[in-house]
Each structure stands twice: as C-alpha cells, then as structure tokens.
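First chain A sits with chain B, and in the next complex the same chain sits with chain C.
Take a look at the complex of A and B:
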C-alpha cells in the first residue's frame, strides 16, 4: 500500500503519511457537502405532514407534483423558457464570437472585453433593468416607441414568456460568447481554405464548412445554456411570478414559501428538476468528451483565417454597435438614471428637475444595506478562498496521486453542477434547520451552500492548472527531502497560482451575484445584497433598488480591477 | 355591566400575569417596561422580528424602539406575510424557534397559531384596546385600509372615481391593477357594504370583466401606479399614498370607503429571547409605541392614538376575527372571479 501513497518517501510508516488521510477526508467533505443535502431532499419528498410536525411516508407528493392540472403548463413553460433562452443566447453569442474572432469587422477588438462585461451584472438587476425598459405601460423603450411611431399599444411586454426568454438569454450571451470564441480559435482553417480554393464564396464556406465543424461544440453549448436556464430563478421570480408564468424553479419556490408550505410537493418537484439537469449535464460531458476524440487542435501553428465580409462588414459593425448600445449599455444606463429619481418616472424635463442624490444619501444611513454589503463581500471572498483551497487539494489528489478511487473524488466534485440553486437552498434548509450546530439563519449556511455550488468551477480552474505541471518538479522536491505538505506548499501551489487566481475571481463574482440559493437561505442578519434588492423591489422602493444596483456593479467592477492590477490579466474562466 | 366588564378585564390581565410569573419565572407582564428592559438586555439584546413592516416604515419605527431601550438591536426579518409564516413553520419543523415576535396581518397570525407556534398571552397594554382588536394570542399593531388609488396623469379630474361601483364601467377596461391575495375586498363588501354575497360577487364580476392585472405586494402596486403601469389600483393601502404625494408623485386615493384589515403582534412560543419579545410586544401596543407607528407612517390601532396622515376611510368595512375563519370560502370565489390560481 505504501507504494501507492504519494509522495513516495520510502518510509513504511503509514500512520504519519498524510497522503492516505487526505483523500479520505476530502471525499468525506465532498460527500457531506454534495450528497447529504440531496439525500435529505430525497427523503423529504416522500414525507407528508399529517398534523403540525407529524410525518408519514407516502407517494402522494409525486402525484401532487406531476399529476396536477398545472403539471403540463409548468412543464411546457419550462421547456419553452429553457429552449428559447438557450437558442437566443446561443445565436447572439455565436454572432458576436464569429464577428469579433473570424471576420474583418471594423473595431472588433474593443468589442471582445465589452461582450464579457455583462457577466458581472447580477441576474436580479438584469431582470429589474429590463422591467424598467420593457414594462408594457411605463417601460422606457415602450413609451419611446409608442410615442415615436404613434402606436396604439406598447410593442413589448416583459411580463410574458418571450419577455422572460429575452431577459434571461441576454444574460447568457457572455457565456455563449466565451465558449464559442474558444471553439472558433481552435478551429483548423485548412478545411475552410480548401472550400475557398474550390470556389465557394464566404457565405457558402461559412454555411457548409465552418458551421458543420462547429456542430459538436454548438450542441454542447446549447445544452449547457438549456440546463442553466432550467436552473435559473431570477427571471422566473421577478417576471414570471407577477405574470403568473410558472416554471419548475418558481413552483418549487412557491411550494416552499406559501402558506401552508408544502415541502413534500416542493421536494418532489426538486427531485424532478435535479434529474432533468443531471441528464443535461451528463449529455453535455458525453458530447464534449466525444468532441475531444475528433479534436483538430494540434501542435501545428495556425491562426484561423479571417473572412473578408466586404461591404457587409459595416453591417457586422452595426450589429455589434447595436448590441452593445441596446443590450449592454441600456440596462446600465436605466439603472443609473433611475437611481437619481424619487420615484420611477419616464425621462422628461419634469423628471430631470426631480433628480437628486437622495437615494444614495438614504443608503448611506440605511443599516440593512451596509449589513448586506458586508455579508456579500465577506461571503464571496470566503467562498472563493475555501473553494479554491479545497479544489486544489482535490485536483492534486485526482490528477497527481495514483491513489485507488481518486476518480470518485473527481466525480463527487462534479456532482454539485447538477444541483439547481433553488434545490440546493431547499435541501440545505431541510438539513440545517434540524442541525444541532446553530448555523441555520446565519451566513455560515450560505457559505456552505456557495462553496458546494461552486466547487465544480473551482475544480475546473484547479485541474486545468494542475494538469500542466509536470510531476518531475514535485518528484524533484520530494527527492530532495521535502515532505508532502512542503512540496505542495512550495512547488505545486506557486505553479498553480495563476490558474487558482482566475478561479478565485470567478467564484468571487458568481458568489457576489448569487440569488437562487440565497433566496431561501438568507434571512434578517444574513441577508446578502441580491436578496436585499429582491425584497426592496417587492416592497416597491424601486429607485433605491436602482441605487443599490449601481453600487453593486461598482463593487464588482472594483473587485475585477483589483484582480486585474494584481495579476495583470483577466482570467475569467467558464 | 360596564363596570363588571372593566373589572373582569383587569382581573384577567392580573390573573394571566400572575399565572405566567408563577410558571415561567422571568417572563414579565407585571413589571414595568424598564424592568423588562433589564431582563431583555441580559438575554443578549437581540430581537428577532418577523414582520412585514416595509423598510420605509421600519426605518422610522424600529430606531425609536432601539433608542428607547438601549442595548437592544432589532434583527428585522422582512418578507411578504405568507413567506414569513412559511419560514416560521419550516423552522418549527426542524425543531427550532428563531423568531421572537411575529407582526403580520391577522390572517397570517392565525395561521401561525393554527400551527401551534404562538404564545397565549394577554398583555397588560391590550386592556386599552376594544374587543375585536385583540385576542388570546395577539393584539392589533396597526390597521390598514384597502382602498382604490389612481394616477392623476392617467385619470382625468372628471372621471375620478367616487365609489367602487364606478369601476364596473367599461371605460376602466385594461386600466386596473390589484393584488391577487386581497380577497378581503370581496369579503368586506359582502359582509358590510351590501350584507349580501350575491351583490358583492356581482360587482366584482363586473370589475373583473375589465381585465384586472395582478401584481404581488402592495408597496410594489403603489410604485407601479406612480410609474403609470395602470390608471387605477383597486386594492392598495391608503397609508402608502400620503408620503408619495408629498414627494410629488402623480397619485391620489379614494377615502370614501375601504376595507380595514388588522395587522397583529404575537409572541412566539419558545422564543429565543422571551423577555425581549414581550418588551417589544408590550411597547408596540402601548400609546408610546403606537405613536411611533403613527410617525412611521402606519395607521395606529390604539383607540387614543391618531394617525399622522389621512388614511382612515369614511365608511369602514372591518374584517373581524370571525370573518377570517371564512377566508377559504371567499378565497375560492375570489380566485374563481379573477381566474387566479
């Protein structure tokens, strides 16, 4: 056995060798974080409350969840919402990626960072901004267009399924963009060149060669967007619930948050959503693994050629400009404008005369805001740190040690990606409300939730970097007498630093904007910014909400800026 | 007779106070608020306050309490009332009580009571409240009047509504918004305006024919109305409007008739800070606390404390405790009229 242990110190003493203890502890932590809450949820989905706090085991929750008069409409809404958002997000993301990466569209370089900026805009704010813009009666775009063209009725209604799809899909564009940029970058241009040589024009080449080469990637990107939409709760909460358009996540939320709360039905719905998302993720990993078999990325030096769009490049430029003005800039601007208003009003001279700093002044003395800001900053930095430490250890065990069963760790660290945020929130409530250590209702339960949810992201950043480190370096260290921990600390960790830093900043950002798990777990003192936004929006203080939004974006931008300063590059990974 | 009732009331308070003190030493009903304050500080100085009180009111009311009783910090857990009760039920399910005080609409206080989450207690301060404003486990904290309000930019002076019958007119088609849970309107009209279910149902059916749009949360409704999402809000709270009108928002509201519903304060059984809970419950029921409620923009329930703004309607249709028991019946009709789920 000692020979299997890493590093091979030559000593036969196993009791002191941490190499065996660590994977066991690691696996224990992962099981505790990822598996135990799911078990609670699963058990809960078979329980029914017959009297206050008296339970029996039953199947009727599944009947209530999947054979009610609303089952079909919820299923259909979820399906349309997820496929619509995935489709639209994919099309927009691919267009942006193609135009900036593979064509001679003017000024395309400056659009690359701009395309990624919305990644930091929290989903709650995105929804709120679009409500300001597209609300049927007072939405700015509607008001303008109605006045401009003398329309009888407003052209857009955000409180509809297409509205939900639009709002969610523009939030997905940065992800689709990044994944597609990667795909375009790694594409061997010789096939396209052959097509051109054989007399195909730009469009024919694009359609018959480029597009087909992209098919496998496109499929997997679509799938991941689909799963992410299915799991999302921002647009379903802020737009779907008022419009009475229910999807799985909102049904689960309502089952839990309406009186009397129906944990059984909520649990049964959650188990269903979990299965759906697990199937999606499984298909995704299968597709991407298949893709690798046929990968054309070789050591051969190539630079994908650029399509000459001719006069069309100005159309491309127009598209990019239009996209950034309407989809990236406008939501920021509308929040900024609204944050100076005493109450929401359309732009007019009258409104201009009412502009003031009152909302900001109000926030400066508004304790819940400062508490929430403090919680959000503390949680996002702690989550990022804990998750990166944990995943770098796990990744090291998985990829560097030759311990039997290391793959189990890899699998366990991947499991949370299938858990929708709202399901995680629900499972953790059930687990921790009855937990002897009183962490329920504190920020520590949020920390556990965030770390669990974002372990897969950390794993991705950590394993990517670990795979690049040749074992020789570590072996040299241990041959020179360094202990396992010393080797890890003084050789492995410094080499991992850039990758880990990128993972850290990404987790920091996603934790800061997290909503769907927090909405069930954060209460009173443990409230975070995204939840404060949500409750205050529900309470109608919309212009104060806009001011919080502006400050929240400023905080996120400064996190990114500090990171940029420290490392000299933005390494956002997806 | 009145003397007897008075005596009985005082006696009952005394009896409960004695009884509680015998069985739960330290739980104070007989002490003065200042004595109770000392006990509350010893408990840790935190009040877990489960209340629907909107931030805009809470930020004015809670600091008055904190200032009056130094060393006590209010941890305000705010959400819509059904979410708060659902949370308390969930916590009880896990064997925990985290809330000290529940302050939500009476209907939701009743739900929590059905779940056996609340303490049966008669506060000395409740003696000053009339019947119907207190119960064995609650005392009214404030009243809210559900009224109609309109956007003055979208409703011309001459078409301003005078009473609810006006909204049956087809000219209001697609111009109305309401809260999906306000079945008190139907109930209040049936029981007190018309004293007839049929007549009330008929009116609301006619109004429903004008295609009412629903949004959750009264504060949000008010904000939507200010922004111009609709011309009229059918089920808004009167206390939301004076402050907005002062800020220059283009709105006005109907004070000729309205349904009054009670917000109530209750103390959780097994509250983690029992003395702090009682301290708050007693303070908010006292004249002093009720004045703070009034200054914070609510309509006080105490008969001797006047609201700061015009929020009480001329004709009041009050939803009583007995009425609340009939909620399921009216909820079904209400949902059916508006095709809500």
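Take a look at the complex of A and C:
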C-alpha cells in the first residue's frame, strides 16, 4: 500500500498517508471532547463522593435529585417554561417570516435584517433589559402605564413564569424567523399554483397545500425551540431564581452553589436533563428526515408566490413596526439609557440632568472588567479557531474521504448538540476537579467546554461548504499532480474559506455571549463578561452592569462588522 | 501507450454496492491515437477512465501508462493520481473559481515534483493558453469565462504539464449544440497537432464517430465491439451496437441459406432478403437484419429488377430540412428511411423500398 511506484523519480517512499492518520487523530479528539465528559458525568452521578479513592456505587444522588418534594414542581415549571417559550417564539417568528416573505406588506424588505438584530443581544442582557422594563417595582413600562392609566398595581410582573416565557421567547424569535424564512423561501410556487388551477381558492390553497407543506418544518422548529429553552439558564437564573421559580437548569446550578457543593445531586439532575435533551434532538433529526420527503427544494430559482393582503397589509405593517419598536429596539435603548445613570431611574428631566459617563469612567479603572473582557475575547477567538480547524478536517473526512466508518466521526461531532450548557459544565467539573493537570478554574477548561459545545455548529458550516465543492475540483488538482496535502491546501481550503469564515464568526459570537456553561466553570481569574454581568447584577450594581452590557454589544457589533468586511474581500463570485 | 488488462471495478458503497461497474475489460491505446470509449450512461466508461487516472482504485487487473505499471491487483501497485503522467479534462471542467485563468493553468506546474522558475512557468502557461487561443484572458478570474472558454481552459490546464496521456471525460456535453460542433473539430485538430495519446469518454455517437481513430463500444461493464468508426457504424456485430450507434431498422427472420463470402439469404415476414451475415451463423439461425435509414432507397415506381425490393406504403413523411424522415409500412415491419429533401410523397402513397444487400447485415437475434 505504502510502496507506490513513482514514475517520474522512480524512487520508493514509505510515507504515513495523512488521509489515514488524520481520521484516527480526529476520532480520538472527538471522543475525548464529547464522550469522556459524559461518561464521567454518568459515573459521577452514581458515586458517593467526587473523585473518590475507590468507587462506591450509590443511588442516593438520584434519590436526592428526583424524590424530593420539589421534583414535581421543577418538572412542571420546566415543561411550562419550555412549551410556552417554544410556542410564543414560533408564533412570533412565523408571523414575521410570513409577513416579510410571502405578503405585500409595505417596507417588508427592511424588516428582514432587523428581525435578526436581537441575535447580537446576549441572553443575560436580554433578561436584564426586560427586568429594567417589566420589574413590578421599578420597571419603566410598569411605571409609565401605572401613571398613565392611574392603575393601582403594576400591570406586568417579569418575576413570574409568564415573564420568563416572554423574555426567553423574544430571544428565540430570530432563530424561528430564520428557519421559517428558509421554509417559505424553498417552497415551489407551482405547488400552490397547481392547487389554484385545480379550483382551490386562496384560503383552501393556504390550508390544504401551503400549511401541509410547512408542517414538518413547523414541527421541527417547535421541537428545537423547546429543547433550547429547556437547556437555557439565562432567564431561569436572572428571573427565575429571585422569583423562586425553579427549572431543571436552576436546580443544577443551586446544587452546585450549595455549601458544600452537592456534585452528586447536580450530576444526577444533569443526567436527567441530558436524557430529555437527547430525546428532543433525536425526535428533531427524525422529524427533519421525515421533512425531506416533503422537500420542495429543486435547486431551480423561483420566486415564491406573494399573497395580496389588501387593506390588511397596513395591519401587517403595524404589527411589524410595533414588534421592532417594543421588542427589538426597547431593550437596547433601556440598556443604553441606564448605562449613563448613577442609579436606576425612569427617564425624566430630573434624570436627564443626572446623566453622566461616570459608569464608563468607573469601568476604565475596574480591574475585573478588563480581566473579564480579555478572557472573553481570548476565549471566543481561540474557540472559533480551534473548532473550525477541527471541524473542517472532520467534515472533509466524513464527506470526501470515503473511508469506511467515516460516519462515526460525523456522529461523534454531532453528540455535543445534545449536551445542555449547564450539563457540560457539570460534566467538566466532575472530570477536571481532580485532574492531574490543574486546569480546573482556568480559562483552558472553558476553552475545552466551548470547543466541545460548538463543534456541531462548526460541522454545519464546514460540511455545508464542503458539500458544495464539486469533487471534480479536487480531482482536477490530483490529476494535475497535486498530492493530498497540496490539494487540501491549495484548492479545498481556499474554496472553503467563505463558509469557514462564516462558521468562525458564528462560533466567536456564541462563545462571547456564552453563559450557561461558564456559570459553573468560570471562577475568579477565569471569569468572563457574561458571568461578571451576572454577579454584579446580583450585587445590585445595575447601572454599571448596563454600561458593561453596552460595551459588550459594541464589541459584538464590531466582530460582525469586521466579518462583513472580510467576507466582502474573500467572497467568491461564481 | 495505455494498456488495460482484465480490469475489474466493483462498487463498494452506495446504492450499487456489489455491482461490477467494469467487468474484466482489456484494451490498448497506441501512441498518438485518439481512442474513444462510447456507451450509454452507467456502462462503465467513466469508471474505466477514472481507474486509469487513479481517481478510483480498481479491484482487479492491471493498468500500464506509458509503459509503466500504475495499477496492478496482483502485486498491489497503486500509483496515486498525482504521480501518473496524465492530463485530464472533467465533465464539469472543474475550473477553480478562486484562481485566475493564469493560475488555473499554472497550478499543475506549481505542485509538481520538479520545481520550475517563475519564468519557466510563465512561458509554459503562455504556450498552453496560446494552444487553446486564450492568451488574452490570463488575468481574468476563471469564472468570468464563457462555457466554451472554460472548456478550453480545462484543456490548457490538462496539457500544460506535457502529459503522456490525455483523458477526456465527456468534455463537450455541457456545451450547446453549435459550440459543441466547433469544439469537436478544434479538439481533434489540437490532438493531431500535439500527437498526444488521448482517451475520450462519451455517450455521443457523433462525437465518437467524427473524432476517433478507434472506438470501443461499452455496455454493462464490458466492451462489446472495438474498431474504426467506419467498421463500427457499417458492420455492427451485435444488436446493441447497431441500435446504439445511429438509428437502425430491424427485421427479424431466419437464415435460409449461406451464399459464401459472408453473405446469406434471410427469410423475413416481408419476404426474402439477401444481406451480409456475421461469422458463425448458419442456415436456420434466428437473426435480425439491420439496415440504416439512409441506406434504403425509395422508389415511387416499381423498379425493373426485383432483388431486395419490397412493396409498401408511406406511413409518415417529416421534412427535417437536410432530409425527409420517411417511414414506410411493409406487410409486417415499419422501416424508417432518410430521403433527399426533394422527395414529395403523401401518407398512403404506394412505394417500393430497395435494401442494398451490401448495407444490410444479419446479426444474431439473441445476445
């Protein structure tokens, strides 16, 4: 095998074929990142103590976790929180997608980019902003509405299950919107047209064809929103814990925050959450596979049909405008406003006179802020780089190498998608708390956690672009005399670059705003920005928190801006 | 220049797992020749080409390129694609979109074993671009070229390394009809000028007939007939070849007697026909008599001599510009004929078809 005759030089070479070495190394790394922590979590949840000298099997952790009086209410809260957020997020996202994609609502074009703006707002800040707006004591909207209508009690209370649902679901809308836009876009208009030619009117066409075609997508979108809510910890931490409304993720956090920390119970809870999430993901992949049967994408370019809303289009316009003012813009504005205040106060002439840059001045000399900022930037860029290098190689092996068993790599790279952030944190604590190399409590354990969690995103970006490369482009390099490595370096990689850059920037952003894993792993000197926000908000320094938030958003915006500039340069016109 | 011995390729994965894509084929391509593998899609022609290129690893047999063994199932030799002395043009051209025209052509020179100076690369690329008349386009992005130009660029890239063998995988199939005709001519001219051994894969019989020195017709992984274009066209050895190349009329019948000199008389439903006959067939064999539409002469009056003349009537006559496609209904068979555009007949007119004995061929009915 290795003794290939070389016609030109006539020399025999013994070489380690990189096409064989790399898959093995890749599989090793993936197993270490994705499988070992889960095994550790599983084993740990059955152990009497953390990192024992000898293994003592016990069920007491599960007993403590699932037989307590809170078990039922936690389960119920999680269920209501997740289904409520999924439902509301889906309805709002679908409305936005339908109005902007398939109707003649005025100015709908400018709403498309606006709809994804909230993606830039980290979940922690989203929660904080809505607390500023809807807190029963000082929330702006509550104060205004009480004064305006002379109400006896504030109309909204964010510290409630509906409050949590609202805050989390508005954060989910962009995702639902993007997925539904894709579904609307890919729908072949001739399917609807042929229904109309068969005598169906607009409503019948919508109900019997459009809706049916959308159903598989809608199901999978709902499912993914449900799972993501179940895994989320931002609203449960900032709103749920003060309001004493506990869900799965907050129970895990509290078990960890007890003194002494109850790692066993936390582990047992984490195993349960992991199972729920894994079932959700399994159902999701099944649903999307089902959906392929309904696939209407033909690769042909077409313009989907547009519904004429008549006079109703102004209602649509009103909805879109209202949504963007109250749901997208207001949280940003309230953070911006609060960041200039010495203490939290409603907008008034009196408050305007108190506006100052004091918070920013304070931050400039505030060590923990600079440390956290440095950690966040370092971690997000490192995570994005490591994850993209790893996944581009893995994706190449999976889709191009045609090695037997390449699907195992694909599966391993997919596993982390089922791991909720807080479960990842719990598993890594159990793995590294007694690890011979003292990386626990450093940013390196965070790097491992982030890379693991975001491998699936990297895979999606990398495999998407790899599949787009016609294999003849690589074969032509081979036929031109380029070796495996030269082909990868000079043809495959440059062609992948736009896709990889998109994946890099996406991972960079999600790492920068990551909260639910960091909350367990980031301590002391390894603290990142989202965690600094959380602790300072708990300590009541709310206006400084707003200032940090504004700076965080500014950083994220500049990452995105740099990205657009870069992709503009390296984009390939085909 | 290319020697294929008992090549076998079995697909290992995908929907056709276990199917023998190439089933024990052997052929030689002599130096400077234009050799074509012709067959319907799925016949194994592209797989054969890819095995020669080294993009697929065959399961059995031996491949020699320029006298050197590049693949052998016996001793496990497998020279990777990038070490074989070949140039290849792909069906999709595989022009790299992230490089300029110049860089696309320079690529094979930059990655090869031997390191060339920039000046040498410059010179070789210019020569290659000149050969395909793309000299003025060097600095353009490759994606700004038209289909025909991309095709020529792919050719320049395949030739720049001065390979011993040129492999072409349906290179004209993505072009429109007019351009295809011109490129056919240009490609053949270039090949003749460079005297480069060429293996060409196509499903288009016109391309195969017009360009090749030798054609090998493939079906289901085997070569069913190999020969010069004229022989393949005029003396098909099987029903498949007769059908696949050009359009053919078929009349089933039975050999009544052999006449010697490779001719025979066949009894068909519409009378006795004298025709050529394939070796090995004897009196009594079930046969199909094949005859090309353009070989058939049509008479509106009964011709004086009666051999191989059958009476019938016009079924349909379609004026196609260059000729009239005219079907004739005999007693049992319907014959398709191509007649001069001057022919003016109407449906139902009585006619007499004359089948020239030298252009009719009796082939075995079963393959």
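In this section, the second predicted complex is superposed on the first by the 526 of 574 C-alpha atoms of A that agree within 3 Å, B and C clash if a C-alpha of one lies under 4 Å from a C-alpha of the other, contacts with A are read in each partner's own complex, and residues count from 1 in each chain.
By our rule, contacts are C-beta pairs under 8 Å (C-beta built on N, C-alpha and C of every residue); 3 or more make two chains touch, one makes a residue touch a chain.
Fair warning: this is a prediction, and the values are worked out from it, not measured in the lab.
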Determine, under the contact definition given at the top, whether A:345 touches first (chain B), second (chain C), both, or neither. first
Quick one: chain B or chain C, who's touching more of chain A? B
Let me test your reading of the model: by the given contact rule, A:182 touches which partner, first (chain B), second (chain C), both or neither? neither
Just checking: does A:80 make contact with chain B only, chain C only, both, or neither of them? Give me first, second, both or neither. neither
Which partner does A:287 contact after superposing on A: first (chain B), second (chain C), both, neither? neither
Under the contact rule defined above, give the chain A residues that sit at the interface with chain B and also at the interface with chain C. none
Listed in rising order, the residues of chain A that touch chain C in the complex are 1, 3-9, 402, 470, 472-473, 475-483, 486-487, 490-491, 494-495, 497, 572-574
For the complex, give me every residue of chain B touching chain A. 48-49, 54-56, 59, 75-80, 82-83, 85-87, 89-96, 98, 108, 111, 114-116, 214-224, 226-230, 240, 244, 247-249, 340-341
In the complex, the residues of chain A that touch chain B are 49, 52-53, 70, 135-138, 241-242, 244, 256-261, 263, 342-346, 354, 366, 368, 429-430, 432-435, 440-441, 523-525, 535-542
Mind listing the chain C positions that touch chain A in their complex? 13, 53-55, 65-66, 68-70, 76-88, 90-94, 96-98, 107-108, 110-114, 141, 143, 154, 157-158, 161, 167
